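Below are two complexes that have chain A in common, paired first with chain B and then with chain C.
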Partner chain A sequence: MAKLKLALYWAAACGGCDVAVLDINEKILDVANLADIVFWPIALDFKYHHVEAMPDKSIDVCLFNGAIRSSEQEHIAKMLRAKSKVLVSFGSCACFGGIPALANLTTRAEIMQRAYIEAPSNDNPNKTLPQTKVSVPEGELTLPELFDDVLTLAQVVPVEYFVPGCPPTVDLILKVVNALATNSLPPVGAIIASEKSLCDECDRKKEKKMISKIYRTHEIIPDAERCLLEQGLLCMGPATRGGCGALCVKVNIPCRGCFGPPPGVKDQGAKLISSIASIYETKDEKDIARMVDEVADPAGTFYRFGMSNSMLKRKRVQGK
Partner chain B sequence: MPLLKKMLAQFGVEDKRVRLEWVSASEGERFASIVNDMTEEVRALGPFSRNDGGKHG
Partner chain C sequence: MKKVSIDPITRLEGHGKIEIFLNDAGDVANAYLQIPELRGFEKFCEGRPVEELPRIVPRICGV
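Now for the complex of A and B:
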């Protein structure tokens, strides 16, 4: 079999997904035997024009990480879609918006105001904001345009597969690599993870699912054996797809939900709110008000990785 | 419900758009008046624009 042509790209992401690919350690040599990497900005010196020059569908697989929030990212997403036979939405940002999508609780104008004018470390007396075009003696300089919305990859171009995770775990990456090596990819549209919720793969003891106080992670040191949600920590397990091996809960940290909603759940945050409602032990108005106060940032907690993919997608912008 | 409302406020969804009432099957009149109230309140707020994902909100 001829070697596969593999591309990797990062859009609105932290770089962790690219590092996760390197975290497969010596197996990266198997990848090198299996595939020629034709584009990988973090590791190899290929330029956009090299990709542009490739014929359509000449890349066998593209692992695309990061959300889409600028005209440059949108352009490259469309270009890699055209050049790739199989486009994989790789990591939570590409699949659900990820951490960058928390910006959907604000707008581009507010972000610019905060970052370039209000932030205490700024020295910007003329209140200069980045422009997409500026003329200098040498000619016109351009910058990509920042969007109001952070989008998932699949909201911009069609995608064959989804590999969730912040970042995808080594096991899942190897699963993808093995599927490529043996030409045994799942049906198009598949989410390469578990078909169950995280709670199904968590081996903590679940006893009495009632809570009367919600704690933030810095407020208590939880028991290492018992269900974290039963101890009052907001664990996203019931509203999150499994497949990660329960890495966070194994080290006493509640699940943050980076694998997105489990099968059959349309909205991850709504699902967790419903779970909390069913385990909160009181009917007293005062207690309920206190509990609501104890959840400092519901939108940011329940949609930490899934804002772009949620039903509301962003904070409503008045007048639109 | 209060938690859901706190979260919806973060998303810019007005408080009056969501309401939870328990009505028995025998309380037809009450059901009708709640539905009428809610209809009027939402009508006063106007249409809710959905954010279907786009470049510019």
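Now for the complex of A and C:
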């Protein structure tokens, strides 16, 4: 079998997904036997012009991580889509928007203002902001345009597969590598994780208790054997796809939903709100109001990784 | 002026490009490093509960 041509790219990302691929350790040699990596900025020195020169569909598989929030990221996403037979939305940012999509709870103008003008460590007396085009004595410099909205990869180009996780676990990555090696990829559109919610994989004791108070994670030390939701902590388990091995819950912290919604759920945050509301013990309106207030940051917690797919869409500026 | 672009810069975390302007003699007249990305952690971390930040800010850099 001829070696596959493999590309990896990062848009609005942190590098964690690229490092996760390297976390397969010595099995990276299996990848090297299986594929020629033709583009991977974290590890190899190929440039955009190398990708531009590739014929369409000459890349067998592209693992694309990071959300889309600039004109350059959109451009490269479209370029890699054209050059690739199979495009994989890799990691929570590409799949759901990820942490960068929390920017949908603010605006581009506020971000620029904070980062370039207000931040206490700045030395910017002329209040200079980055521009998409600027003239310098030698010629012209350009920068991409930052979008107001953070988008998922699938909101910009068609995608064949989704691998969720922040980052995807080594097990999942090896599943993908093995599927490529044995030419046994699942049907197009598949999300390569579990078909059940996290609760299914979590082996804490569930006693179907109702709760009368919501705790913030620093307010209690949870019992390591019992369901975290039943102890009053906000755990995204019921509204999150499994497949991660319940890593966070195993170290006694509640799930924050990085694997996205479980099968059949369109809006992860709405699903979680309904799951939590269904275990509120009280029917007294005052108590319910108190418990609602005990949720410190609803949008940022229920949509921690999924603002791009949220029905909330984004923060709206009044009048627009 | 002739311009040599290094885009993207590689083998580090993050996005960057370098534009090198050459004069008629072929020497470097000037070089510019540009960072074509901004995610806005400085702003979108505002309003998040402080005990959640240790789970948010490691996503600034996954390396």
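Operating definition for what follows: the second predicted complex is superposed on the first by the 315 of 320 C-alpha atoms of A that agree within 3 Å, B and C clash if a C-alpha of one lies under 4 Å from a C-alpha of the other, contacts with A are read in each partner's own complex, and residues count from 1 in each chain.
The rule is short, and it goes like this: a contact is a pair of C-beta atoms (placed from the backbone, for glycine too) under 8 Å apart; a residue touches a chain by one contact, two chains touch by 3 or more.
A quick note: this is a predicted structure, and the numbers were derived from the prediction, not measured.
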Chain B versus chain C as contact partner of A:Leu105, first or second or both or neither: both
Touching partner for A:Pro298 - first (chain B), second (chain C), both, neither: first
Touched partner set for A:Ile276, first chain B, second chain C, both or neither: first
Touching partner for A:Gly139 - first (chain B), second (chain C), both, neither: second
Which of chain B and chain C A:Lys127 touches, first, second, both or neither: neither
Partner chain in contact with A:Lys286 - chain B first, chain C second, else both or neither: neither
Residues of chain A that lie at the interface with chain B and also at the interface with chain C: 105, 108, 297, 300
Of all residues in chain B, those that touch chain A in their complex: 1-4, 6-7, 10-13, 48-49, 51-57
Chain B contact footprint on chain A (complex, rising order): 74, 105, 107-108, 147-149, 151-152, 155, 269-270, 273, 276-277, 288-289, 291-292, 295, 297-300, 302, 308, 312-318, 320
Touch list for chain C against partner chain A, complex: 1, 3, 6-8, 10-15, 19, 21, 29-30, 32, 34, 36-40, 42-49, 51-52, 55-56, 58-63
Footprint of chain C on chain A - complex, ascending: 10, 12-20, 41-49, 69-70, 72-73, 98-100, 102-103, 105-106, 108, 110-115, 119, 130, 136-139, 141, 143-144, 146, 166-167, 216-218, 253, 256, 296-297, 300-301, 304
